[in-house]
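Here's a structure for you.
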């Protein structure tokens, strides 16, 4: 019901602002009796950590502290709560933004919603909250590992350039953005292997719809495509049908592993598009009286959120699949 | 929780198979004291009715019967349940499909999920269920009318061709599909006017995420884009920022009316892509032993679902906005 | 979320007013592949039907029409929607109540909530809605039958008199109420056999709490006691502990089959108390200007709701246990 | 959906075991712009703290640390997460219970549910978790204060003795239990003032049902009575009707402020019964092979949970009323 919880049976509740004492989360529905692989959780957070010159210099250790739900590292079946301290908060970087609304940010819309907004760092709208998603997603991946389900992602496009085929061109464009104090958009593709047929619910809770919801909840997400996505929309049906393979499976996978909203046992494939970061070097902000102010941005930001988004895309996918696996456990013919 | 309900406070529960006695729904959260405009509800269903030679010849009267929740046409605030009879069921059209799984349909995935599936007509996976969405969406629109919120849609592309600018070309392509017993994909764009700033929840229940979920739950939906969508993903940030207008509002609307997941008061704009219908004239189906069978399709289907999808796209948008309006009513500072 | 739905995985959505065209419901989460025993459903409705001179003369056929979710009587796993026509509506019986609020009824509170209320028959607050509960409960019982879970109830007290031991005295008191145009309260006890250990969730969604919620939602319910209930509250711990039996189980069952909110495999036992019907022969009603009016009641009512409540008590219990069975299916160690 | 969350719009998610690093919670739906009164929250926790010789000697400071959701003590409208350290854990007190199931505790039922259970202290089944309820309840009370809604409770009975009228006798009985290493049950009554008419939903989510659910979720709760409760069940209707008062309100309040499941503006009154603590000095436990072992209990426990339950009873009531206030905000005629 709440905007801060995700899932029905494998449930992740997220909390924390960019500049509050901590962010964190509560994961419910994780099965009992599983030894948690903390190294894996750490390694997922490492993937999210800024690693290139195109990423924010705000590098935090992001070591999640698990408070409960396990004994000697073995899960009890009860809620797993974790906290990640916000150690590297530099509120002063935002001091020149006091009472200003940055363009294309959440500052103004949060203010419209709540009558006030976090005075620095973007509050809940900051991409900082995705660190908690990555921890919860890592837990979901550990759950899915028991079913041999595997999730991977890769950068498909940066600034409209094919990242796999034309890496050099893409790097040049990133370099250009960096030099100009600008930012760049891009696209991530994600694949999920070994998803059993039968996941997804009729009508509203289609697996494709749930994946779309999950992806579009990631900061800066602008588009979602399942399977061949927009390409399918241009085709004749005869070009888009996935013909049956003798012996099982399909010859093609235009559907992206989901038909009628339910998984068919093929690889699940989708793409998520991200806009360029709205935080660039020079920003024209407005104050509460609608007066404009040109501001040099001192906050620490990514040039291209897409470069670090892969692990978040996977985390949200893992949460969806884990939830639908649990739903399908209730759906067995007796 | 269930896959057949949509919304949190303005809740629509859908029921019915393509070939069951009836389909229908229950709408909860509709305010009391409103005189229902049944003509409007009928006119919305009329928009969904097959009207061109490209649509299914299954033309049903689709007259919803309201069972409760109102007295003398005035709502009581209690559940509004409605039933639409399935009067024009021709199960014999499907007799040659008995025990066969059509390719790229829900037949096989429903079978994987439930261990059986509706023997004719696609069951819950049939687009027949969208008639109930249109009734619920019409109720949501009547609710939104009280706030002057208005939703419109148009066909943007058919078979990859710009439908507004190149209508003749698009018609030719439709004609080609019809002649060949083939089908075509396309894209709908939708705009929502007068949405107040402040709708949407932080983190997961972003307004954009909820719209994506709603749209991707429509049969044949393949893609969702908010605002400039994929175009944004190719841009520099400096090209994508919506600059403030002196006096209020923004100069551009690349964001599509949603920033940080929350409406900013601008027009909400998004696009939904639909694949071509998977039901074409000649289909290679498989049986329960994975043997292939070539079948001439006698069922009644649309060539291009996109042609009739607009009213469904709007209906799902109306349900989302109605739900978020109610959520925001709980969010007031005291 | 909504007040008209019950359950998380085995979900019943109820609709309909006492004097609307129909009441009915939608049941989701019923497994596929089960042949529905319609005779059983009918027999449950028969148990609810007024049978004695102490019950309302409004005897309706109450034949539920199932609209969807099954083929040849076999469930598809999709929503089962049913409708029960309100055939025996006599609005004229309520004509002298127009715009009057009866005391201790829902008329006034519904008016406070919605700004209007059903003009006759009590609307959603009428016990008429329990017919839909009985149908949904019968479905839940059919589901539980697959697990050999059995639910029975009996009248424990009428008007403070032990109904089993002092039947004659209780009958005399009922006769007295009938003669005076008065009504009587009473208590139902309910037992559930063969519930596996492990049902119920920690902290909030305790099985005992869910049963209490279900029972207290029945019209006129005033009290709920699990196991020995109020007797336990008077005891020393040494008198209330259920000691282990060598070989398994417990020697006593003061707990009523639930410990720490989770079933322990013993018989589940609870009691639900019902107040006397608020509809008696002479009622002092108030109008919208707070003026009092003495009214002779012509509507048809039960003298002692407790006499017919058993099947509703069981129905709500069946819905709870069915839901928790499904929840526990998701709780398996992998 | 999850067993660890309570409420729909004012949502409290609880986490933590008795002997984990910490317990805590997340509260969503708390309005923005309110200065939190931390002294009040502390004072509520003080009321829960063991104060008499009849209470557990485990006295922890129970200072909740708020991690997020506020700036300078003023709420942002976003989730308020708090953590209470488990500082006074003495696992050794439980060393003789290793692998033993105490009678009438949650040890065995949690084991049946999860295949394992917390090795000491009762895990989630321990009354330790109620400290988090008290913090969340204090937040709910701060919210309700804005509406002048006030909640109080008192001990009604201890060991079957009227606590108000016969305090000395009750003290003697407590003394007897203490001397014998035994425990005692009791009853709390609770009143809620200034609840506006109109709270509660028809049919299932009746306000009385929600209060029952909330109360029966408290550890050791055995019974719930709304208004006159079991007394009403013994009466004639003519004795139980709350007659209208000229000018507004009712002459009596047998209903306890709720009619047809919806508040009528009168004082809300209910009673919750608690069994004696199951932890007494000598306990016959069983091991995994169903062999019995007599154990001298070294863990720290209350003799009579009822003595400290008042603040928890109030906390759960506050959470219910806060949630229903928010629900009713969505129910306004436009």
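Chains here go by letter, A, B, C and D, matching the order in which they are written, and residues are numbered from 1 within each.
Everything that follows uses one rule, which is that a residue touches a chain if its C-beta (ideal position, glycine included) is under 8 Å from a C-beta of that chain, and two chains touch if they have at least 3 such contacts.
Values in this document were obtained by computation on a predicted structure and should not be read as measured data.
Peer 1: Between B-D and B-C, which chain pair shares more contacting C-beta pairs?
Peer 2: B-C
Peer 1: Centre to centre, using CA atoms, which chain is the farthest one from chain C?
Peer 2: It is A whose centre lies farthest from that of chain C.
Peer 1: For chain B versus chain C, what separation do you get between their C-alpha means, in angstrom?
Peer 2: Computed from C-alpha means, the inter-chain centre distance equals 37 Å.
Peer 1: List the centre-to-centre spacing of chain C and chain D in whole Å, with centres computed as mean CA coordinates.
Peer 2: Centres of chain C and chain D (C-alpha means) sit 25 Å apart.
Peer 1: I'd like to verify one number: the distance from the centre of chain B to the centre of chain D, where each centre is the average of its C-alpha atoms, in whole angstrom.
Peer 2: Computed from C-alpha means, the inter-chain centre distance equals 44 Å.
Peer 1: Using the touch rule from the top of the page, what residues of chain B touch 2 or more other chains?
Peer 2: 1-5, 8-9, 14, 29, 32-33, 77-78, 113-115, 123-124, 202, 331, 333
Peer 1: For the complex, give me every residue of chain A touching chain D.
Peer 2: Going through chain A, the ones touching chain D are 1-5, 8-9, 11, 13-17, 20-24, 26, 28-29, 32-33, 65-71, 74, 76-81, 83, 113-119, 123-124.
Peer 1: Tell me, which parts of chain A touch chain B in their complex?
Peer 2: Per the touch definition, chain A meets chain B at residues 1-6, 8, 14, 101, 103-110, 112-115, 122-125, 129, 157, 159-160, 177, 180, 182-187, 196-206, 208-217, 219, 221-230, 232-244, 246-248, 250, 254-255, 258-265, 273-280, 283-286, 290-292, 306, 328, 331, 333.
Peer 1: State the interface residues of chain B toward chain D in the complex, per the touch definition above.
Peer 2: 1, 8-9, 29, 31-34, 77-78, 143, 146-147, 202, 326-327, 329-334
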